[in-house]
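Chain IDs A, B, C and D follow the sequence of writing; residue 1 opens each chain.
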Amino acid sequence: MKKVYGSASEALDGLLQDGMLIASGGFGLCGIPELLIDALVKSGVKDLTVASNNAGVDGFGLGKLLETKQVAKMMSSYVGENAEFMRQYLSGELELEFNPQGTLAERMRAGGCGIPGFYTKTGVGTVIAEGKEHKEFNGETYILEEGIFADLAIVKAWKADETGNAIFRKTARNFNPPAAMCGKVCVMEVEEIVPKGSLDPDHIHLPGIYVHRLIQGEHEKRIEQRTTRPRPDGTARKAEEA
Amino acid sequence: MKKVYGSASEALDGLLQDGMLIASGGFGLCGIPELLIDALVKSGVKDLTVASNNAGVDGFGLGKLLETKQVAKMMSSYVGENAEFMRQYLSGELELEFNPQGTLAERMRAGGCGIPGFYTKTGVGTVIAEGKEHKEFNGETYILEEGIFADLAIVKAWKADETGNAIFRKTARNFNPPAAMCGKVCVMEVEEIVPKGSLDPDHIHLPGIYVHRLIQGEHEKRIEQRTTRPRPDGTARKAEEA
Amino acid sequence: MPWDRNQMAARAAEELEDGMYVNLGIGIPTLVANYVGDKDITLQSENGMLGMGPFPFEGEEDPDLINAGKQTITELHRTSYFDSATSFGMIRGGKIAAAVLGAMEVAENGDLANWMIPGKLVKGMGGAMDLVAGVGRVIVVMDHTNKHGDSKVLKACTLPLTGKGVVDRIITNLGVLDVVEGGLKIVETADGVSEDDLRAATEATIV
Amino acid sequence: MPWDRNQMAARAAEELEDGMYVNLGIGIPTLVANYVGDKDITLQSENGMLGMGPFPFEGEEDPDLINAGKQTITELHRTSYFDSATSFGMIRGGKIAAAVLGAMEVAENGDLANWMIPGKLVKGMGGAMDLVAGVGRVIVVMDHTNKHGDSKVLKACTLPLTGKGVVDRIITNLGVLDVVEGGLKIVETADGVSEDDLRAATEATIV
């Protein structure tokens, strides 16, 4: 059962349909499925609903898919870094469903875990709660949020073996595991495909059962805010805890 | 802020109260907090409600706590290996709330994640669903299950650093992370406490934020069902995939 | 001649396709692993493992490595470990393609009873309720009749249910039945077992 | 004299106790990290990290290692990484002892508005709604008045809320206020700021 495909476009072949719901991993530009987004642009698939914490920036990440107007609706928590997004949203071309970040992550995980709804305190008393079921537990009010069941998940990991067992690196993990879980089909891009048996089974972050197709490729990994501190003495030194 | 204590009894000091709800990690006798269970027996705390997938066996694990009649109620999915349990249950001395295994695990995780209730298809149409709220999502019926918020969690990991960052080994992970999450206070026993910085931050299974007190000790790690296969040629060989 | 345990397991193994993630219950279902041959099947152990390997060689038992039946097992190159909430997340979420389970009773509407005999056996459902509610396809493997010769394939279950309308296919020592609209449909019979033999041994409606 | 940004951050740092896990918002709250001194504080970055370290040295930026403000950062010996569902699980579950956040408006009942100006600014709430709903203690750090000199400490918020009744303590350039039954209580004032000065600059009820 081969999961490894030759390119992002090949890996998406047969999976795309106008109007579909796609869940994407990534936070800001960190850990986003760059190659699969490019392949979506090339495919021309349209009227997409995309569940992703952010909407990329102008010209990179999901921003590319907005420029081509392939996205009809975003489900996100923060879209502040994207002028084209703002233009389309304010002109009514693009629908936007704001989700608190933790609610969005939990909705993805819930969908992946067969949980159609869960209660949370997040957003009670705000616009987020409008139209949602309210319920009391132990005298406190919670709102019902629904699981996200995506037609397709696109995610990015650091390394995976041929069976799709994947590991992530540092904060590039973020939304990738919950996004992968909630996809009926999940396509993953990685920096390196390694032989089966070379990842410690105790270190797998996302078991291969969640990954249906897999590609390896080169990633730009653009940095959104390059912040540094002066090097005290000019020599290389790692940040260490006191 | 010292999390490391000298013994299981010291680590439980000041945390115990009759009638409290304790969540315990472990599956069967695998990955159970042996030392903390022994310390609970010694403490004499009673009328406990214990949320644990199993109830140990006669004379080991939670079985010890049953023999001393310190447990008033178990929340479990499978209690088949414990004659003393069965005796107390059938005689009405012990209350038992059966939870499907996945529902129990998810209820613990939910409690730890501030989710007071979630919907699941598990148990619909069975005795498990009796008295629980039913709700339709997309034409299917689900039941409401509630998060478990334990007064105390007792768990066992393989290694942890002094800040409580913990890793587990193989299938001994099981209920330990969700149990740890749902405790107002969580006490963890490990086979080895390692210096801060010696565990790869990408390999941590349970971040130290969930662990309030920590002890190191010797574990018996009893095997419940020792099953083997004949060694074909008498030489040592690891099981390998074809 | 009716199938024996190994023949039933072999027949059940035919249900499994390349690439499937599968959960095998205790008893006859465990034997299914011996008959998957070259197919690329990944076995889940619901206590937190995908890629379950065979029993260890003597002296290599690891108390930290057991299956859902608490037996010592081994890992494979494809193995991954995870916690119980994640494990049942993948079960409940429909990621496991099929479960092969034993049963005390199955009914013609797909109801399954395999966890409790009131007043007699109170062990608990373990992960069975989650499995039958969540996995893609539920295949029951069991003897067609109990030791008194009574049919275990019933019009309606008499024991407390594990799941309602959850069974897709029943493999017994007498043959294979599918749960369809209105009752059960005979898919095949064991060698030397006629459809009439199978009907005679079955309480459920056969359509 | 009213406190400057660094003095406000230093005052906010006094709120943090040894052993706390803390989330710091963007802006002045970020500066709080500079004033925790010897206290054993672990900073959470809600994009999936506990134990956030300082900015990297030039040339050591890692695109896989950023904070919730998308800035490059570093790790520490105590660091752990996890996914976003787990990260907000610990937030929603009350495991984070305190969050220090900026605000556009705070009301005397603890209402907080810090994510949206209708028709003007539509960036999104990010993780702010989860934080204020979940963490043990919400400390707001902000200027007492806006650039037009109007109080940001109000009887009722006019902007869309981030959370209802969620703020515990307000630290502004003029002093420190607690949300109590019936309104706000003055805890202290900045050096040279009198209680009357503070009252005069505050629209909210001070009890």
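As a convention for this text, a contact is a pair of C-beta atoms (placed from the backbone, for glycine too) under 8 Å apart; a residue touches a chain by one contact, two chains touch by 3 or more.
These numbers were taken from a predicted model, which means no experiment stands behind them.
A.B. asks: Count the smallest number of chain-to-chain hops linking chain A with chain C, moving only between touching chains.
C.D. replies: Minimum step count, chain A to chain C: 1.
A.B. asks: Report back the single chain whose CA centre is most distant from the CA centre of chain B.
C.D. replies: D
A.B. asks: Using mean C-alpha positions as chain centres, tell me how far chain B is from chain C in Å, no decimals.
C.D. replies: From the centre of chain B to the centre of chain C is 27 Å.
A.B. asks: Per the centroid of Cα atoms for each chain, what is the distance between chain A and chain B, given in Å?
C.D. replies: So the centroids are 32 Å from each other.
A.B. asks: Nearest whole angstrom, what separates the Cα centre of chain B from the Cα centre of chain D?
C.D. replies: Inter-chain centre distance comes to 36 Å.
A.B. asks: Please output the residue numbers of chain A that touch at least 2 other chains, ranges allowed.
C.D. replies: 106, 109, 113-115, 120-121, 168-170, 196-197, 201-202, 205, 241
A.B. asks: Name the residues of chain D that each touch 2 or more other chains.
C.D. replies: In chain D, residues 51, 75, 77-78, 81-82, 88-89, 91-92, 134 touch at least two other chains, as defined above.
A.B. asks: So, with touch as defined above, which chain pairs make the list?
C.D. replies: Here the touching pairs of chains are A-B, A-C, A-D, B-C, B-D.
A.B. asks: Going by the contact rule set out above, which residues of chain B touch chain A in the complex?
C.D. replies: Touch list, chain B to chain A: 106, 110, 113-121, 135, 137-138, 140, 142, 146, 167-170, 196-197, 201-203, 205, 241.
A.B. asks: Given the complex with chain D, which residues does chain B contribute to the contact?
C.D. replies: 1, 109, 111-115, 161, 163, 165, 181, 196-197, 201-202, 204, 207-210
A.B. asks: Okay, in this complex, where on chain D does chain B touch?
C.D. replies: These residues of chain D touch chain B: 18-19, 21, 40, 42, 44, 50-51, 75, 77-82, 88-96, 134.
A.B. asks: Per the contact definition, I'd like the list of chain C residues that touch chain B in the complex.
C.D. replies: Contact set of chain C toward chain B: 45-49, 53-67, 69-78, 81-85, 87-89, 91-92, 111, 122-130, 133-134, 160-165.
A.B. asks: Which positions of chain B touch chain C when the two form their complex?
C.D. replies: Residues 27-31, 53, 76-81, 86, 89-90, 96, 98, 100-103, 105-106, 108-109, 120-128, 158, 168-178, 205, 221-231, 236-241.
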